[in-house]
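Look at the two complexes coming up: chain A is in both, with chain B in one and chain C in the other.
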Partner chain A sequence: MTTPPAAPARRSLLRVVLPWAVTLVLLAAAWGLVKITLPDEAAQAPFETVAEIGQPATTRNLVVTVTDVRAARGVTDAAGWSAEGTWLVVDLEASTQVSQDAALLGVTRLLIGDREFTATDRGATFAKQRLITGVPRAGSLAFELPADALTGTATLQLGSPSGAVSDVPLDGMVVLTIDLDAISVENEVALLENGWAR
Partner chain B sequence: MNIPPPPLPPQPVPPQPAPAPRASWWRRNRLALIALAVLAPAAALGIGWHEWHQFYGYDARPYLPTVVDDGGTAELAGASWGPVRSVEVADTTGFDVPEGTTLIAVAVPVDVESSSEGISCRTPRLVQQQTGREWESVRFEIGLLSDPDEPEFCSTDQTGSYELLVPFVVPDDVEGPFWVDVWPHDAGGSFLRFSVDP
Partner chain C sequence: MGEETSAGAATAAANASARAKVLGWARRTVDLIPTPWLITGAGAVLLTTTAAFGGLATVPPDPIPQLSTGDAFVGSDFEMTVVDVEVRDERGNAAVFPDDEKGERVLVVTLDVVNAFPTPRTSTSNGLDAWSIDGVAIEGVDDRPVLSRADDGTISPVLQPDVPARLLAAWAVGPHDVEAGDEITLTLPDSTHQVGRSIVSGDYWDEVRVGTTVSATVREGATP
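Up next is the complex of A and B:
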């Protein structure tokens, strides 16, 4: 009586295939893990509060009401400074909730597609203005943009950094989506004078 | 005829010498356990102290309050402070104060002990005792310029006795009592909390 030759052959085939199969499964799992892992900065990403025009948006320490969004080919401020160009002007009221420790409107970013713009520090604008607890201050932020940038959708990010100067890690950030196509471009707009919100 | 000898009854197995009783796991690892009991708390303390020092060290923040009762005085960092007075300014004509808010003026008498060198301190801040909300001076926001006769902070140039005068704008719905926090620069993390109820 002889043992059927198939059994040992199958066993040796298994011995060759199994490690490869396990390797492939592990590689696929590793690839999937890399794909679903969030980027490094995600652990410290800000908590976003979605704002609407005219509605107060509240984060941990910052309350912002965007009152208007305007676009123009030139801006002037209350002191008489003016500049030509392509501008997006955001009128807003802002205050702190709890603490005025280093409470400035330090994060003022506008994202259009892949491009990121920061509110201008020229002229008298609300950029880096001091905020007061419970008593809103009002003013305008002005973003100088390339001439072709006023199309599509833009995202406005506002925050009051408590540590790093230009970011709000692990803190609240107000986010407003702006439909640039719906905004009519004026010849010139006047920036609001910084002061108490009336 | 050869008669085999009858089978012998089984000999009792000579008792093996009993193995020395093994020392317990705790006893065998006592050196490592003692080291663990010392090193684990030491590591926790060391890391905790380092983190604490990064945040509160280098005189970066006041964290040790000395509470001063209504109308009381206190000594700190080479000066005598108080008694602190506070008042709700009823007539705000001439000041830029928004509606729905209260203008609170706080006076902090300072008496420097040394006749040759003054002390320096931050502008006092107002803290609502119930909630911990904080307010800082709004001298510029209400339309006042800096005035050496009404200092807001202590300067090393100034000796003798003088008085800090600090205005705050607080929403009408915020009720006292408040703390007035005074933090001299040479006091390390110590600061004075004066209780006021304007």
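Up next is the complex of A and C:
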């Protein structure tokens, strides 16, 4: 019984500290794991291709050139339809690259802040337009927005879904960032008539 | 070593007697409390509380608010206001086609609608339950209305977040089913937002119920 008195003291100290230290390490590890885990939908997320105005952007099947972005308090289409409101108009040319089977420009989303908008189903626009392989079609998409929405940054998402869903899981998606503050708001703009690109 | 043990034994004995003393005191104190009375008292408190909150009767459901035309109602994450109810011969921008040979007319409910949810939503429900604007119903009528925009007649329009829209909910009615001056009761839908995680994905609206009733007088529509 001549054990040094320091040893049991150190051992008991270790016995108190060690569980706490292990607990803290495990908690930190769990927190880190939660932080780095991707959201559920990440496994199906589309592959994004960043576009620039005037430059063609190419994904698996979709080729898009956004030619102009305009904002207005009213829009008119080639058939004479018109509407007041707050509008963001995107002029573009689009074609498919691989297959024109059931190829529509089905995903036309605009994200501003927390809100998501889709291209309007009113009037004659390029929304849900049939796309042709290798031969671009041209037209305008129109987004009807609340009066206060034309500030900050907007993200335009374009995709050609291959199924019935209006989403492009695991497929390419063209993404364009738009600075809304840099766009002057006109009184009225005319939508391009859907047709072949020149 | 021997001395230490005897000292330890003495301490242990002292501890034991102290513990016995405390235990004895505690037991005597507890014995002073009339336990049956406690149980009776607790029972009485429980019964009084239950009685104070209405006994064991079922809680009546919240009354359905009754509104009239022009009052806004928020349900299914839409803000809906019934503006006008009219019966007319011409369909105008309404999307129903009355059979002239049977003398059918069009009953049109004009609604101001704002989508209060941050993503676009269809005005016609894409499912069995009518949680969207097509859940607007006339009491006693089972048919769902056909929806269109009042300004350009777009059928079943998509409602963009926070963008107000005037919609027409229309039914084809027989020649004498509804007359101008009739009082009708409309019901506006309410439902609960859910986010699908496993089988369905994304946002959907569930538990569809009547959110409010709106009483309105049918007007004779202007004949162009």
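Following the convention adopted for this analysis, the second predicted complex is superposed on the first by the 195 of 198 C-alpha atoms of A that agree within 3 Å, B and C clash if a C-alpha of one lies under 4 Å from a C-alpha of the other, contacts with A are read in each partner's own complex, and residues count from 1 in each chain.
We take it that a contact is a pair of C-beta atoms (placed from the backbone, for glycine too) under 8 Å apart; a residue touches a chain by one contact, two chains touch by 3 or more.
What you see is a predicted model; the values in this text were computed from it and never measured.
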Fit-or-clash call for chain B and chain C when the two complexes are aligned on chain A: fit
First (chain B), second (chain C), both or neither touched by A:195: first
Centroid geometry (CA): angle chain B/chain A/chain C, rounded to a multiple of 10 degrees: 100
Partner chain in contact with A:40 - chain B first, chain C second, else both or neither: second
Which superposed partner A:117 touches (first chain B, second chain C, both, neither): second
Greater residue coverage of chain A in the superposed arrangement, chain B or chain C: C
Contacts of A:101 with chain B and chain C, given as first, second, both or neither: first
Contacts of A:146 with chain B and chain C, given as first, second, both or neither: second
Touching partner for A:22 - first (chain B), second (chain C), both, neither: neither
Contacts of A:85 with chain B and chain C, given as first, second, both or neither: second
Chain C versus chain B - closest C-alpha approach in the superposed model, Å: 16
Residues of chain A at both interfaces, chain B in one complex, chain C in the other: none
Residues on chain A engaged by chain B in the complex (per definition of touch): 97-101, 130, 132-135, 137, 195-198
Chain A-facing residues of chain C, complex: 118-120, 149, 151-152, 154, 157-158, 160-163, 197, 201
Chain A residues touching chain C - in the complex, by the definition given at the top: 40-41, 81, 83, 85, 114-118, 120-123, 143-146, 149
Chain B - residues contacting chain A, complex: 96-99, 101, 125, 131-136, 138, 141, 169-171, 174
